[in-house]
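What follows is chain A paired twice: with chain B in the first complex and chain C in the second.
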Partner chain A sequence: MTTSATLLTLESDPTRLGDLQSRVDALCRDAGLEAVAANEFTTAIIEAVANSIRHGYRGEPGHPITVHWRCAQDRIDIEIRDRAPPPPAGFLDHRDMPPPAAESGRGVAMILAYTDAASYARIGAENVLNLTRRL
Partner chain B sequence: MQFEHESRDGIDIVRLPERLMMADAADAKAQLKAILLDGRGRLILDLTRTGFMDSSGCGTLVGSLQTARKQGGDVCLFGMGNNVRALFELTKLHTIFRIFDDEEAALRAMH
Partner chain C sequence: MNALIIDDAADTRLYVRALLEAWGYNTVDAADGLDGLERMREASIELVICDWMMPRMSGLEFCKAVRAAPFPHYVYLILLTSRSDKSDLLAGLSAGADDFLSKPVDAKLLRARLRVAERILTVQGLLADQNRTLRESRERLQQAYDQIQRDLASAARVQRQMLPPPDQLVSPFRAESLFLPAAQVSGDSFNYFQLNNELIGFYLFDVSGHGVQAALFSARLSASLLPTLASARTAAGTGAPAAGFPGPALFLSEVNTRWVEPDAEFDNYATIAYGTLDKQSGEAQIVLAGHPPPLILRHDGKIESLAAGGLPFGMFPDVDYEPQRVLLHPGDRLILYSDGVTECANRQGELFGIERMQCALAASAGDHRSGLTRELEAQLQQWGGTLDFEDDISVLVLERDSES
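What follows is the complex of A and B.
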């Protein structure tokens, strides 16, 4: 049973990620996650949206991204939608964290580490990424 | 974003902002590289205010470490809060950086 829902919309502009981080972190805390857990799930969401901007929209500003927040008694479900070209097949399979000296490549591993479930689907012209964190 | 930066006895100290994330990563990396190349390659990063870091922020710090080590220097960190500490443990970054509780300890280690 969904007890609360919030729809956050933003453009594909990296400078908007700071505001999104503040908003999502507050929602996580309101939902009952303690500080570090709230930060972890917020990080997963920010990484997913950053991937949409960086890889999906190739850093081009002005494209839509929506973050649909749903909080139930025992979990938070997030649905992130964008209209970018689809990501490479199996991109969510990159579970292994790169070596510590690597300068990049941590995003998907961080998303998977900080969520209890993650799935991707292409629905019509949209990429739909679902992330879940249990409370 | 302009970092707060000072030098003490030839060691550069930079105060990082509340967030270190994608939007500022390229600029942050360039600033830290310039500070390292202008100095002696010995850099201390103050994370006291930094409550949020994403993978781009991790990349920025790793890049600065690589620049420093190419100069025969190092990058030390202090003031790490719980959020960043948890991220460092997940990404194993704590295995490549020297991390201290406070600035004086980091300065002693650099001398």
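What follows is the complex of A and C.
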């Protein structure tokens, strides 16, 4: 592992997700996650950021999102912050996948499936989503 | 519109010409088919009203001759006939006639038929214009494509010239290499160079993506990875001290920090294996930036792998890289490769993989003459079933001389 903490900032632009995915995947592998686990956790993070862009900021570009990466000996902690309106109460309770033909609604279920812990808090004007994956 | 009236009866010619002139046509006439063809060669005729029965060349023969001739525009043919048999009409259509008009000529009917002819000729003219525009566009596109292909071929030649020779003695090491770009230009590159009298530097990297953008990134990165360009020399040149070289880990970290703008969107990044070889001791110091771990092929055929490690180059500023050390004994070989080798897929989608690569290397371990890379290339081509690979393939082998 060559880095223990990294702050990634991006605008609410879906075209930036490719960059973010490459960087997060590299960080996951560098932290010691195997390829499949790295891919899973990366997917969870990208889904969370995509939700922030699509649902939080309603697809409007130019709004700030930060992804704070912290790696400890036994786990990776991710903190995703944005300044969008708060999501619906209890949105992290949607653990079940929607029907196979549904065109959306899998994001939260995938986030929960690919993380060991997930929590949300509204702090001031910010949404703060914390995701953890054990190493 | 220019019209030609062909009839061996002079009164009919005069009558039809008079009608057409009155309706705004420019007219010429001829007494039979052969004369008619002569008039067609002399002027641009779009409309022909032609009698069926004539001496020397009949109306049917004239129609066939017109359709066989390469006129630059469509010619609308109306056959004048007193025939009304279905077989005659079919013969006329087969010969190339567009319409028929009964004799004696009825002026109102002729006017109506001419309007049909004008409508069809107008559509034909539009189609011809559009076809000409399409043809010209296609020619311009072809010229642009040819120019791009020539430029890419030139770029590929320059890129290959930037690589070291595929087999070269860098005393006390021998270097051999394999370079199989997926497209004309590649994001892969490698090199070795004299750092100073004691050390040989080397690298192999793989830029994300393919094509021109990756190749330009690759060219820029190649230049950045040569320490103190002013003093370092390629292996072919004389060794000059690369004063102040801080070691591969710190050097790569410094280049990475200079390269990356914090929070900037990145178009490409690279995985790199970068290192030095001590000419006296045979010790290799190798830094990996997200790159597949190099292999060590010992002189007795055993294969070892370095540990994975390091973040890819160009993604994050302030990345610390950690060197791995390995001692190369006489006859040992250090093998750097891009993931195009292990991720080369066969027709079933199965990857070549690290195990097959190790087997290929082990099989030719005892043969220090024929070269590992040629054997590996043959196996990859056999595995992939093609000479064109989906990803760039590059391999650099550095062997410590058995006599050193």
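We adopt the following convention: the second predicted complex is superposed on the first by the 132 of 135 C-alpha atoms of A that agree within 3 Å, B and C clash if a C-alpha of one lies under 4 Å from a C-alpha of the other, contacts with A are read in each partner's own complex, and residues count from 1 in each chain.
Following the convention adopted for this analysis, a residue touches a chain if its C-beta (ideal position, glycine included) is under 8 Å from a C-beta of that chain, and two chains touch if they have at least 3 such contacts.
Being a predicted model, the structure only gives us computed values, none of them experimental.
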Subject >> Combined model on chain A: chain C and chain B, fit or clash >> reply: fit
Original post:
Where does A:T9 make contact in the superposed view: on chain B (first), on chain C (second), on both, or on neither?
Top reply: second
**OP:** Tell me which of chain B and chain C touches more residues of chain A.
**Re:** B
Original post:
Touching A:T43, do we find chain B (first), chain C (second), both, or neither?
Top reply: first
**OP:** Using the touch definition from the top, say if A:Q73 reaches chain B (first), chain C (second), both or neither.
**Re:** neither
Subject >> Apex chain A: angle to the C-alpha centres of chain B and chain C, given in degrees as a multiple of 10 >> reply: 40
Original post:
Just chain B (first), just chain C (second), both, or neither: which does A:R23 touch?
Top reply: second
Subject >> Superposed arrangement (fit on chain A Cα atoms) - minimum chain B/chain C Cα distance in Å >> reply: 5
Subject >> Touching residues on chain B, where the partner in the complex is chain A >> reply: 19, 21-23, 51-52, 54-56, 58-59, 62-63, 65-66, 82-83, 86-87, 90-93, 95-96
Subject >> chain A-touching residues of chain C, taken from the complex the two chains share >> reply: 208, 263, 265-266, 269, 290, 308-312, 315-316, 319-322
Subject >> Residues of chain A defined as touching chain B within the complex >> reply: 14-15, 17-18, 21, 25, 35-36, 39-40, 42-43, 46-47, 50, 53-54, 97, 99-104, 106-107, 110, 113
Subject >> Residue ranges of chain A in contact with chain C within the complex >> reply: 2-3, 6, 8-10, 16, 19, 22-23, 26-27, 29-30
